[in-house]
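Note that the chains are named A, B, C and D in the order they appear, and that numbering of residues resets to 1 at the start of each chain.
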Amino acid sequence: MKELQRFGYPIFFVVMAILPHLLNSRWQAVAITFLIFAVVALSQDIVLGKSGMFNMGQALFFGIGAYTTAILNSQFGWPILATIPLAILIPAVFGVLLAGPIVHLRGDYLLVTTIGFNIVFVQVVQNNLGGVTGGPNGIFGLDSLSFFGTDLISQVSVYYFAFAVLMLTLWIMRNLEGSKPGRALHYLREDQLAAESIGINTRIYKIFAFALGAGIAGLAGTVFVVQYSAVSPEAFNFIQSVLFFSIVIVGGSSVPGVLIGVFVMFVLPEIFREFATWRFFIFGFAMIAAMILRPRGIIPATFGKIPKFLIKESNHGA
Amino acid sequence: MDIFLQQLANGLTIGSMFALVALGYTMVYGVMRLINFAHGDMVAASAFVGLTIYTQVMGQAASLLAVIVIFLLTAVAMACVGIILERIAYRPLREAPRLSAVVSALGASLVIQNGIMLIWGPQMRIFPELVPQISWDLGGVVISLIQVIILVLSLVLMVALYLFVEKTRIGAAIRASSIDQDAARLMGINVNSIIALIFIIGSSLGAVGGLFIGLYYRGITFNMGWQYGLYAFVAAIIGGIGNIPGAMLGGMLLGLFNAFIAGYVSSTWSDAFTFILLIIILIVRPTGILGERVAEKV
Amino acid sequence: MVRNELILTDVTKRFGGLTAVDALSFKVEAGQIYGIIGPNGAGKTTVFNCITGIYKSEEGSVNWRGEEIRGLTPYQIVDRGIVRTFQTIRLFSQMSVAENIMSGRHIKSEQKLWHGIIHTPGSKRDELANWHRVEEQLDFFNLGRFAATPVGSLPYGIQRRVEMARAMAVDPTLLILDEPAAGLNDKETLELLETIFKIRDKGVTVLLIEHDMDMVMEVTDYLTVINFGKKIAEGPPEEIQKNPAVIEAYLGSEDDDDE
Amino acid sequence: MKFGKMMLALAATTLLAVPAFAADTLKVGVQAPITGSYANEGQGIQNSVELLAEQINAKGGVMGRKIEVIPCDDQGTAMAAAICAKDLVNQGVSMVIGSYTSTCAEAAQKTYFKAGVLQTSDGTADSLTEHGYWTFLRNSFPNSAEAKFAANYMVNVKKYKRIVVISDFSSYATGLADATITAIKKAGGNVVSYGKIKANSQNFTPLLTNIKSKNPDAIFFAGYYTDGGQLRAQQVALDIKADFIGGDANANPDFAKLAGSAAEGAYVINVPTPEMLLRHCQAIPGRLQGQIRNLAAIDLDNHERRRDARYYLRHGADQELRYQEGR
């Protein structure tokens, strides 16, 4: 495990950095979607894995981010890059507004409300609210990303943009781990009453988790727009939320776990396209088998990130 | 006024189907703390099984007796599937974190849904008109025979289930297991059998629901289970999950919401309004309308 | 300078038809080790829950340092220097001992929410300083060698210590212990007594519920005895021991189960 | 129906297939929702194309080259469609048939255009042809055309005074419904209500009860036959006397099976058979540049003697076609 941590990340980064040059355009597209999904799954992990809140509506925030970028670009002609702050901020604000009234709900009740919000969102965009969401068709033909006048059209450049966003997300996740708010989320996940009784305002931190998760998912939404030059309601429906939910649980809510989860839940089905109609039948069995073999996920969440000076000799187990 | 009554009748019909399916969720949840996401697909599967029994076993005989036999055979078949499902997908995960079992259930849902597609094909299958198309016009309110059958039979089944759980020894064992499995085990209750029984009851009720869908709407598709599952699950939550009368109430309410919102407010926004209403209910009553029947120590 | 006094006046808590705590009044003075005893189901833990904000009492007042704290949330009460442990240990069982104790530093830490996203030199300093405070608690409770061990895998007695260390990490003014000796063997109980005295010597007022009469008599300065939610006696331990009402209340109810 | 469309699609694309490179086989991609909620249609597309390819190969292929079919599952989602498009292009297809939904067609269009791969689609969204990609060919008429026909028929032929329009939430159905409403208003007709149903949700009585109170004399349904049949059945069960007019996606024998005895008297707007379309296409100068600007719809009511929709669906509506010229 320690070995994996020491060498795993550098190897991962190096492989990911050279990956697009080894792939043909189909697999480049898969790899980009992998990166986008990884970011959304990590944002879901903040809410579901780290804070233990049963959220089955993460596609909502992903969608709000994507639609924010798409609408600003198509209606107001903003360059994609300029939409990024709002694509983060607006989902985050929604995260606060929507989570505020519901975070006191326990487990499955929270689950239903998040599903509900997701369904409401899809209906809102389908019904073309305000005439800007493009209805069931979505919004097409959006601009590509451009840096100071240079359009980044090629798949490779989109890949690196998505990769940069993933790196940013990983960096935020790392910062979160080693901070007071990050630990607070762990505490409330483990035992909410104990957390309250030790002085943690769990409500604020729950909302914080939702808002942070929403902001990151929103950023992923922008990357989605860059990749597909389009948004449409079905990309952000409840089934997608179920996918992100499953990714976190199958992977186990650690960062490598979530990345492997995205690979297993998204890339593997792509690899096994040849099975055609049998694909999801087999995939369902695989999900069951994965949970039975690794009930806590492929790589379970690890705690115990404590400063070295605290670790004394004769450690018990650890 | 007659429109109101008509919507009431519509709502109660669909609501009783939701309630039947919701009972499957709530009973499993009550004992196992598991959201059995595969339940909706079991409902869809039962409609297909019922149709196959009609065409293959019954030789397309259309009589009251035939319908009853279809119901019974389907219920038995689905009960077996339910037990197998529990053995394969849930039993190994009893000690695992709760959400692992939920993902296993999602996997099972994919298996069943795609299994239906592989066996019966992706196209819509159509039920014969097994129930005569009779309807009565009661002063502007049209009620059909099948609606009456659905309503009455659902109510009978629900009351029977309620009495079974509340009044019988086995029912007491079910309730005991849902409060504390370990304590129930110590009291000599075979929790494994209770769980198997729960799956038998839940799946059979789901089978009845699935056949109702087939008989009433007649067109069945392999992926129709999702939405019934989702609505029934929501109904169970709204009523207070683990709570049997709660599931019935939740199902009925959801049916009525559906009818009145689509009928009076806006069909374009029916889902949005329905879910906003449900979220508001949960904000006001955080453990459902009737409260959940799950003990938790503070 | 306000005195560190906790004054309960006519606190009443009902659950449906049952009155768990009935017009209870008592006063804990600064520097005391104050005990609340009573038979099973007497409402002791409910009193604690009312003080620490887990329940809100229907009537009466809970006054801390001259401020009414009835109706505040648990974390607001912790912010005012009152911290508690639980009868059934409530630790963050998958997390290490050090992380558990660090949770006590939460309220003292200067970090803002956005420090969870971006670290600053200030937040890094704050983080390190708090870990050093954790180290102090590890040493004080002799838990140093378990620092990195997940709490859930430790024996019960050590878990009790971790829970107290976590509470002490808050730097409380008033420490509330709910049956701290429950489940401990004699040796561990003795250690516990010493620890409680050491905590008092740090200037922390201690309020505890205990079932074990011997231990209570030894450790407390002052006692309140409750039964069926009502106070039946109060006074120093040696007086309480002789009180006929207390003896009666305890007769035949010596079993040690939790309530 | 579907099979017919496929035949047309294949024929149309092979017409244009320029033997640019001398490969042994002619690679034909099929981009279709093989899994997901349109699995039925998707698998239908795949099977039809494979069957056709077999038949054509049995006769010696196209210009001496055998057809090789390469299917790709777009799951009905834009994301998977974009991946599919790239995959098929990589595998060297020279034409792609399918993508059942407008969304998927649109998500894939640009990739095919850049690679110079011909694409046909059942997508009816008007926007599909607005980019002007020369590689894109419709095999369905755009919504606006059917809408014009339907509106004209309802307002001027049948003289309906109170029309209700129903669609589902799909882009096809909403597009058609919106276009139809516009066309009805343009023709001076009166739309009293516009309702939406959720596809496959089966329970349409609440909406129908509401519609009943509006006393319509016609219900125009822009969705698919799977819902249309049930909608019609429930309409009759609720004793709503209005005429039922289904959009072209209702033209499926299962519509009548689903509606059961209620199918009697329902109208379905239909497109002509592929042979007719082809005949028509070949007359277009410039040879299929852009799109097939063709449509026709059948006025089922012309058959005075047999008003039963079931009859037409069973026998195929290949007689007495009334063409209406596209733009």
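The criterion applied here is as follows: a residue touches a chain if its C-beta (ideal position, glycine included) is under 8 Å from a C-beta of that chain, and two chains touch if they have at least 3 such contacts.
Quantities reported herein were computed from a predicted structural model and do not represent experimental measurements.
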item	value
Chain closest to the middle, measuring from C-alpha centroids that were averaged per chain	A
Per Cα centroids, the chain farthest from chain C	D
Higher-contact pair (C-beta pairs counted), B-D versus A-C	A-C
Averaged-CA centre spacing for the pair chain D and chain A, given as whole angstrom	36
Centre-of-Cα separation between chain C and chain A, whole angstrom	40
Approximate Å spacing (C-alpha centroids) for the pair chain C, chain D	72
Chain A residues counted as touching two or more neighbouring chains	123, 193, 277, 280
Shared interface positions of chain B, touching two or more other chains	114, 117, 122, 268, 271, 298
Sequence positions of chain D contacting 2 or more other chains	35, 39, 43
For the chain D and chain B complex, residues of the former touching the latter	35, 37, 39-40, 42-44, 194-198, 200-203, 205-207, 209-210, 212-213, 226, 229-230, 233, 237-239, 254, 257-258, 260-261
Chain D residues within the chain A interface of the complex	34-35, 39, 43, 71-73, 76-79, 82-83, 86-87, 89-90, 102-103, 106-107, 110, 125, 127, 131, 169-171, 174-175
Chain C to chain A touching residues, read off their complex	52-54, 73-75, 78-79, 83-84, 86, 90-96, 98-99, 102-104, 106-107, 109, 111, 113, 115-119, 123, 126-128, 131, 134-135, 138, 144-150, 153-154, 166-167, 170
Residue numbers on chain A that touch chain C, as the complex places them	172, 175-176, 178-184, 186-187, 190-191, 193-202, 204, 208, 212, 301, 303-307, 309-318
Chain A contact footprint on chain B (complex, rising order)	29, 35, 88-89, 92-93, 95-104, 106-115, 117-118, 122, 230, 233-234, 237-238, 241, 268-269, 271-272, 275-276, 278-279, 282-283, 286-288, 298
